[in-house]
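One chain, subunit A, appears in both complexes that follow, with subunit B as partner in the first and subunit C in the second.
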Partner chain A sequence: MVDITFGPPPGDRPDLTNPTAAYIHQTRRKRLYGFILLILFVALIASGFQVAEDRNAGGFLSGLHQIGAFPSEVISEAWRNRANLPALVIQHFPSLIETVNIAAAATLLGGLLGAFLALGSTRHLARFPALTPLFRRTADIMRAIPEIVIALVLIFILGGGPVPAVLAIAFHTAGALGKLFSESAENADLKPVEGLTSTGATWSQQIWLGIIPQVAPNWLSYALLRFEINIRASAILGFVGSGGIGYDLKLAMQWGGGKYDQVVAIFALLFCTIVLVDQLSGYARNRLVKGH
Partner chain B sequence: MTDATPFNAYAPTYAKVQSQFKSRRLTAFAIPVLLVLYLAYLFISFDISGLAARARMDNARILLADFVSYKTHVTRDNRSGQLSVTIEGESKATFAPNQYPDWMTTSGDVTNIDLGQGNLITYDAQGARYIVPGYGTIDIKPDGNRLRLIAPQPIPNWINVTDTRISVTTPAGRFAYSRSKVETFKYQPGWELFFFTLDSPFYGKSYGQLTALLTAERIDPARSNLAYMASEVWHNKMWHHGDVAWALFETVLMAFLGTMGAALIALPLAFLAASNFTPIRIVRFAFRRLFDFVRGVDGLIWTIILARAFGPGPMTGALAILLTDTGTFGKTFSEALENIDEKQVEGIRSTGAGPLQRARFGVIPQIAPVLLSQVLYYLESNTRSATVIGAIVGGGIGLLLTQAIITQKDWEEVAYYMILIVLMVMAMDTASGWLRRKLIGR
Partner chain C sequence: MLKVSSVTRIFGQKAAVDNVSFEIDRAAFVGVIGRSGAGKSTLLRMMNRLTDASSGEISFEGRNVLTLQGAAKRAWQGQCAMIFQQFNLVPRMDVASNVLHGLLNQRSTFATMFNLWSDADITRAMQILDRLGIAEQAPKRAEALSGGQQQRVAIARALMQDPKVILADEPIASLDPMNAQVVMDALRRIHEEDGRMVIANLHTLDTARRYCDRVIGMRDGRVVFDGTPDQLTTGVARDIYGADASFNESATSTAITGPRDAAYADAMLA
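Showing the complex of A and B:
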């Protein structure tokens, strides 16, 4: 109580008669805290790395010199059989198309569902404002479930093939896009909606004519970004479970030596596709958002 | 004539507006048509029409039933007469004869099982009987090498009869008789043995009894009852709570090490790729292409390459995340560096600061918010990726999940892991959001 009334003893107080010293004192203390935080952070990373290394089959240092061994083995074998490469690229091209199709279908489906979730969870726009928290939580949960969980369960029910992958990626995409869509719809201008309301437009007309034209460029750009991510996800899902180029890659990898030319062909296809789609969608997004 | 002149002056504009409207209308029409065409193509290429034939709805039923219920097997070996009562047919969950659940009784050769709602099953020396309410008694007696069935005619389709095996499926449970054994499955809601297994001294106790035990005399003199309980739960042989907790920790660890490591590596490299810090064009170009390459070679490919060098485990997963995100961070950080305000750097320079000091006091404070929010966002999203990568490199909760799914019978464990994964990702989401608000105030 005495401390509160009279403040800390004079020695602990910044000495205001000498502002420079007080400033330096304060800065030193701030730096000290920053330094302690940094030490803690480094210690956390170092100990985490130690734990991860202990639970790993091979150590970091013992594996480091082998890091080039596998790629060089693969590349040297592929180089010996380089004559096969064009034929292999053509052979695996349909799987690549399937992977891209999975990503596109999942983005379309997820985008559509995400748009509904977004409209349901945006204040001022929702048809049933009382339900906005429900829509938000739904999107959160859909976003939190990794694709692989749904894909593996669906493979058990639907069998292999692209459909489980599409549904799994679409589910996650709907949650992720629902959040982004709703953020950009929140910033939309409500004046067109007011104008439409005054003419007696229904809710769907207000949204379709008043909100969608405003948010369309943003939404499309988010959907394109998601498409890039989904191509990667679709390749990974193929590797873990169902169709597409990921599955081809897994088969070729399981075979081991002798099929490394296939591995290289698939790596090359995947790499080129990802880079190409990244470039195209980056260009398209720039045009959509900045208008040039 | 005088009226027409202004009109003619506007004519080109009018025509332009008309043609613009026309092309707008055409696009508004063409985009949905193209979408529908694409969807039709997908419909054929994905063979959606054949999907119904391939779908295994019985699998879906098993899965959903297993998510929320468990089954107890009551099996008698018809040759030796040996009776065994197990949960999900697992030998490590076998009831001892004095532990039998209260819905069954045994005396000598006779075993009575009450499946509820009047469904009664009796095993005895002659064979077995199943009384189905509203239908009658199904009486099965082995007769030489064949099974003789006495049941009200006609035999309904939920009773499946062959010479060597008779099985009955009712809403109350399943019953099967073959020459070698007779088996009854009783379904009950919930996840059984979630806390204590059958061999634990705490099995079957209510919460009240357990609370009372906390202060009671020690069961194991070496440790308190609370410590004993905790260890029984942690080492649960059916659910492996200890291993699951480790797996979750491993997954978060992979995400944390990968993201933080990538940020630490990408930050200095980003200076080399930013045009206002690296005037040498060729260096800038080289680093930008390096980032693009690392990003373009997908996480999947890095995971495979690294798994060959370091073997399976969480460190391999962390390194795969680290490599991929170094590319992403390098790109975003260098863009943030190019957008900084030069005046602050100028001010620091005027005090005679060297390049490192200029970077530390003039640049870092400006890009810190962008940097932190990026890193925290990726920390959350990488927790999800770490689940998938874990399934490939063999570490963390992803591995447990894929293993549980591949065995195709422990669906309650799959449900448990799914719930844990969702909770883990949401917890990381909340934590990173909280940190972001604390550190950068938005």
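Showing the complex of A and C:
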């Protein structure tokens, strides 16, 4: 009772008249909290690993030595048939174009829609501030649904082919880019907007001149990152029947050995495409930021 | 002690610092003046190795610091503290931590991540803060302080480094006249009491005259004046700033003393 009323005895309390002692006390306490958190973190990771290990069919440590088994099988078979690789790369190139096309069209559509969602859901910028939650939840829902689910539904309705893939990826991309675009628009400097408002500009003029030039490099780099992700997504959608290089990959992989040279050729194509897109996006972004 | 010989820094086509040479033989308080873009900041940044020189040599106690690499370069940066116009503190960390950052050159990343400062280091940091009159601010976040206080925290961080040279890049350019004086007094006191060399870029002539033992004037990357504050007459200042006869330094002077009566105000407003 006395302790509750008067606190701990004076020796246990930091002496506020002596800032050095008070600061050392504070540092020790922070360090103690940090140490406790670290122990908790390690314990949680260890126990979580144990739970996952118990539920696993195999074991992590007992299976670890097999980690290289599949890649080495694929690569050794492809190495034996390495003479076929150039021809296979040429053979699969048209499917790659189709896949990249799906990704590009989907990124463009999704990016435009995402820009509208972003402008509608950004604080301080939205034309109708009351509607920002609506725009935000719409973007949330759009990116919560995986591409493959939308694609399966659309393939059921529209039949197989690139169109359902484009729509499915664009839908997810709009949600994802809407979120990222709105984050970067939120960090934009509002002073130019204030300057434009003071001249009597409309909302769309303010956004077009005050915000878009500021956020363009960021938006472009997010869109190009999304383009890379979409190339992979578009390849995966090939597995469920939307064509492109994913369909070729599925045919090459599904019966196990025998066509691993094709698998390697397709992966090489995908890898080169991703690297190329990355290089191009860096170049485009530099041009936009520095103007040369 | 510090010898700068033919140092040049070229950005694109333009020489920001053009064949600059001078020598400082004792731990003096040196002011560098010149208009914006004269190369003052680039010169200081090259001394601290924040910017690489295109050619030339800066030797401190007989050793060329411009060719240092890796750990040796960081050790030199530890001995040659830098103070910036915009303070360059870590805004979200408390004041004492910011001061302790002066020891980073002697600490491992691991010790830094886990905040493992010894009590002796903390005590020393608090003594430095106390010397600059801001010990009671120690637990506050750096961003919560006023500009003048933040600059004193930056000076405390510099002192924590126990440097041989303190470089101050426009230390008072973003401060009001009162805080500017507090900060300049602090720098002067450090110079006199600890015998550390201070090289400060200054943008006001009256500050240069009042605090410096020696003034170096730069224009378009070259040294155009090197002498004592007494030699820094209005005519010399006009040459340094490339100004014509209409240049009147009292028009923009921030000195609180001076002819600031009603008649002067009327004259200035007329």
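Basically, the second predicted complex is superposed on the first by the 213 of 292 C-alpha atoms of A that agree within 3 Å, B and C clash if a C-alpha of one lies under 4 Å from a C-alpha of the other, contacts with A are read in each partner's own complex, and residues count from 1 in each chain.
Here is the rule we use: a residue touches a chain if its C-beta (ideal position, glycine included) is under 8 Å from a C-beta of that chain, and two chains touch if they have at least 3 such contacts.
In this text the structure is predicted, and so the values were computed from the model without any measurement.
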Partner chain in contact with A:55 - subunit B first, subunit C second, else both or neither: first
Which superposed partner A:30 touches (first subunit B, second subunit C, both, neither): second
First, second, both or neither for A:203, with subunit B first and subunit C second: neither
Touching partner for A:149 - first (subunit B), second (subunit C), both, neither: first
Interfacial residue positions of subunit A with respect to subunit C in the complex: 19-20, 22-24, 26-27, 30-31, 34
Interface residues, subunit C side, partner subunit A - complex: 96, 114-117, 119, 122-123, 126-127, 130, 135-136, 138-139
Subunit A-facing residues of subunit B, complex: 35, 38-39, 42, 45-48, 51, 54-57, 59-60, 63, 250, 253-254, 256-257, 260-261, 292, 295-301, 304-306, 308-316, 318, 384-385, 387-388, 391-392, 395, 398, 401-402, 405, 408, 414, 418, 421-422, 425-426, 429
Sites on subunit A touched by subunit B in the complex: 41, 45, 48-49, 51-53, 55-60, 63-64, 66-67, 69-71, 98, 101, 104-105, 108, 140-141, 144-149, 152-153, 156-159, 161-163, 166, 232, 235-236, 239-240, 246, 249, 253, 267, 270-271, 274-275, 278
